[in-house]
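Worksheet for the structure shown next.
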Amino acid sequence: MFSVTVRDHMMIAHSLRGETFGPAQRLHGATYVVDAAFRSAELDSDGVVVDIGRAGEELRAVLAELEYRNLDDEPSLAGVNTTTEMLALLIGERLAERAHAGAFGAAAGRLDGLVVTLHESPVASASYERAL
Amino acid sequence: MFSVTVRDHMMIAHSLRGETFGPAQRLHGATYVVDAAFRSAELDSDGVVVDIGRAGEELRAVLAELEYRNLDDEPSLAGVNTTTEMLALLIGERLAERAHAGAFGAAAGRLDGLVVTLHESPVASASYERAL
Amino acid sequence: MFSVTVRDHMMIAHSLRGETFGPAQRLHGATYVVDAAFRSAELDSDGVVVDIGRAGEELRAVLAELEYRNLDDEPSLAGVNTTTEMLALLIGERLAERAHAGAFGAAAGRLDGLVVTLHESPVASASYERAL
Amino acid sequence: MFSVTVRDHMMIAHSLRGETFGPAQRLHGATYVVDAAFRSAELDSDGVVVDIGRAGEELRAVLAELEYRNLDDEPSLAGVNTTTEMLALLIGERLAERAHAGAFGAAAGRLDGLVVTLHESPVASASYERAL
Amino acid sequence: MFSVTVRDHMMIAHSLRGETFGPAQRLHGATYVVDAAFRSAELDSDGVVVDIGRAGEELRAVLAELEYRNLDDEPSLAGVNTTTEMLALLIGERLAERAHAGAFGAAAGRLDGLVVTLHESPVASASYERAL
Amino acid sequence: MFSVTVRDHMMIAHSLRGETFGPAQRLHGATYVVDAAFRSAELDSDGVVVDIGRAGEELRAVLAELEYRNLDDEPSLAGVNTTTEMLALLIGERLAERAHAGAFGAAAGRLDGLVVTLHESPVASASYERAL
């Protein structure tokens, strides 16, 4: 099994709903360092899982839809509690849509899965993993 | 599949038994940077695997029982060769006990597994993974 | 010359005023990883610049006044453009006040200066340095 | 399940064949930070997956065959497109050969698998995972 | 005193001339992680040393002239032994030229100096510092 | 001004004397990640401050005298409170002795100073800086 991982980051504001979140119920923010890993059992004829440059561009495009925003005000996130896990899920689903729509070219058919990890601080992160 | 990972560290002294360890048979020490990852197939109604703050507190409590100590003198570790792998196992088992005892509240029932990783230096680490 | 550096972090929301900031003029947020370095030409009788534990507590106390907040709404920051440089200045001044008020005990008299560095992402940081 | 991971690095020159690689078709180079993880369901009588020192020496030996070279001119790599994925595969296969040849001593029989990860920059990496 | 630091990276091939370099006399390569720090005694009316986005763009432009190349074949580097120190000097001089040519706008007049640091591996780096 | 920095690490046991140290008065240990920076106003005819390989070997030799030991039992450290600052001083002085004894060859005469930094955990470090 092979995988390729690309990293980028985004800066957002949000608040979390639920007593369990304590002070994070207040409007605050985060720099999320985001890793997107693409998995495949085989390499293509170029010897790659997916072109690293292409993977980075797709991740950048997904993060651009969220960054420099207050997620509490985003219509596409209405009703979503934007925990780190939920953002990992959201980014993972959007990358999967792009893969299925052909954003990775011929590679899409070979991809077995992806893992999205968001690091919210040096001591905390969350991941979402799914098949493709 | 989702996971949440929290990080903390501890500083301990110990020695290792066995010729394979060479100079590490002498009394020395380590700063262990410890990652504890909790895995779950589903998120709870708050949108989390387990509250990151709670996870960090539980990891802190487990490390507090070991840190600033000479592990060679710890009664609870008598007869244990405290390799990085064995410490990962020990910390993983203690976190699992806490999960089963309800330390993570309602989340405990949903947790599928945990992975504990100890980084002993920038070039070496060991992990222990188990189901919950 | 000696120095001791402690690290902590905080998560905040804010917006920046000025066309130069482009999309960062919108309400967004950041995880700031904060390093506070204390400098002294001499060590005290314990062999330290300042106790690392004490230094960490003072930095924690200063960050606690800011974290999990929308800085745009903080009365103490009214009129301040909360750039990374300005936040480094603010945190540095607050640490200096604490040093002068005796928070570091006898060490305060020996301290020559401090440097506060805020990392806003893996690719950008800002520092403020001053004498004590 | 347990694992032990050791890290080292190598500096090489190479070029990549295929339009997908854009400017990386030109002769350039990389510092690869290489992680080799060894997995085992059980620990040996010393309490380890494999001795960390031994694991590091084996990884060093494999990287020494490649480092400070132009991979385009290496006879053993003739016809290979030396992408990060292909180099992970190559290093993984060479470590597996060494394991099967007894380089890890009695441990080799217990090892279940290995994962080799090459970080080519702070924002891109590739992995190869195989059973042993 | 304030400073702002931006980070980027480049991948190049080269060889070093001189017996002191041992195996690095062979054609090999490196991923250089490059930090460029800009220093100023005062902040401008926006509260910055220099806009972080602008600083990152200027660093990117300078690295783009070098990356994905074999430096041994670069006409602009003919006769230069491209050690890490020499590349730090080269990048620092090019950033200084851009500063003097107005690339940082009004900020250029206030800048006191810059420091360029190249990390060639996790265990080695070199810096060049100059006044502006 | 130029500098070259090399990094290595060591694992030791020790205890600290003085009430200020709290639980660190007990025998414990640390992995110290050690950076040694060598500064010079000029480069030599090879284009370096000091050969990075040579610098790394000298740092390794100094750390080898301390690592895998209980510093409380080291005759050469009798009466020394081995705080992070004191260990930075000790390592800095030993590197300076080596520089003066010609360990860095012709480079020694050009070196202006050195800085030794010990990272004892991800959140704490100490430095010692001196002229050469």
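Per-chain numbering from 1; labels A, B, C, D, E and F assigned in written order.
Heads up, the rule we're going with is that contacts are C-beta pairs under 8 Å (C-beta built on N, C-alpha and C of every residue); 3 or more make two chains touch, one makes a residue touch a chain.
Quantities reported herein were computed from a predicted structural model and do not represent experimental measurements.
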{"item": "Rotation angle (°) superposing Cα atoms of chain B on chain D, nearest 5", "value": "120"}
{"item": "Interface composition of copies chain C and chain E: same or different, split at half", "value": "different"}
{"item": "Mean-CA-position distance for chain F and chain C (Å)", "value": "27"}
{"item": "Chain D-chain E separation of Cα centroids, rounded to whole Å", "value": "30"}
{"item": "CA centroid of chain B to CA centroid of chain E, Å", "value": "41"}
{"item": "Sites on chain C at which at least two other chains make contact", "value": "7, 120, 122-123"}
{"item": "In the complex with chain A, residue positions of chain D that touch it", "value": "16-18, 20-22, 80-86, 88-89, 120, 122-130"}
{"item": "Chain C contact footprint on chain A (complex, rising order)", "value": "7, 9, 11-14, 23-24, 26-33, 67-70, 73, 120-123"}
{"item": "In the complex, chain E residues that touch chain C", "value": "1-8, 43, 46-49, 51-54, 56"}
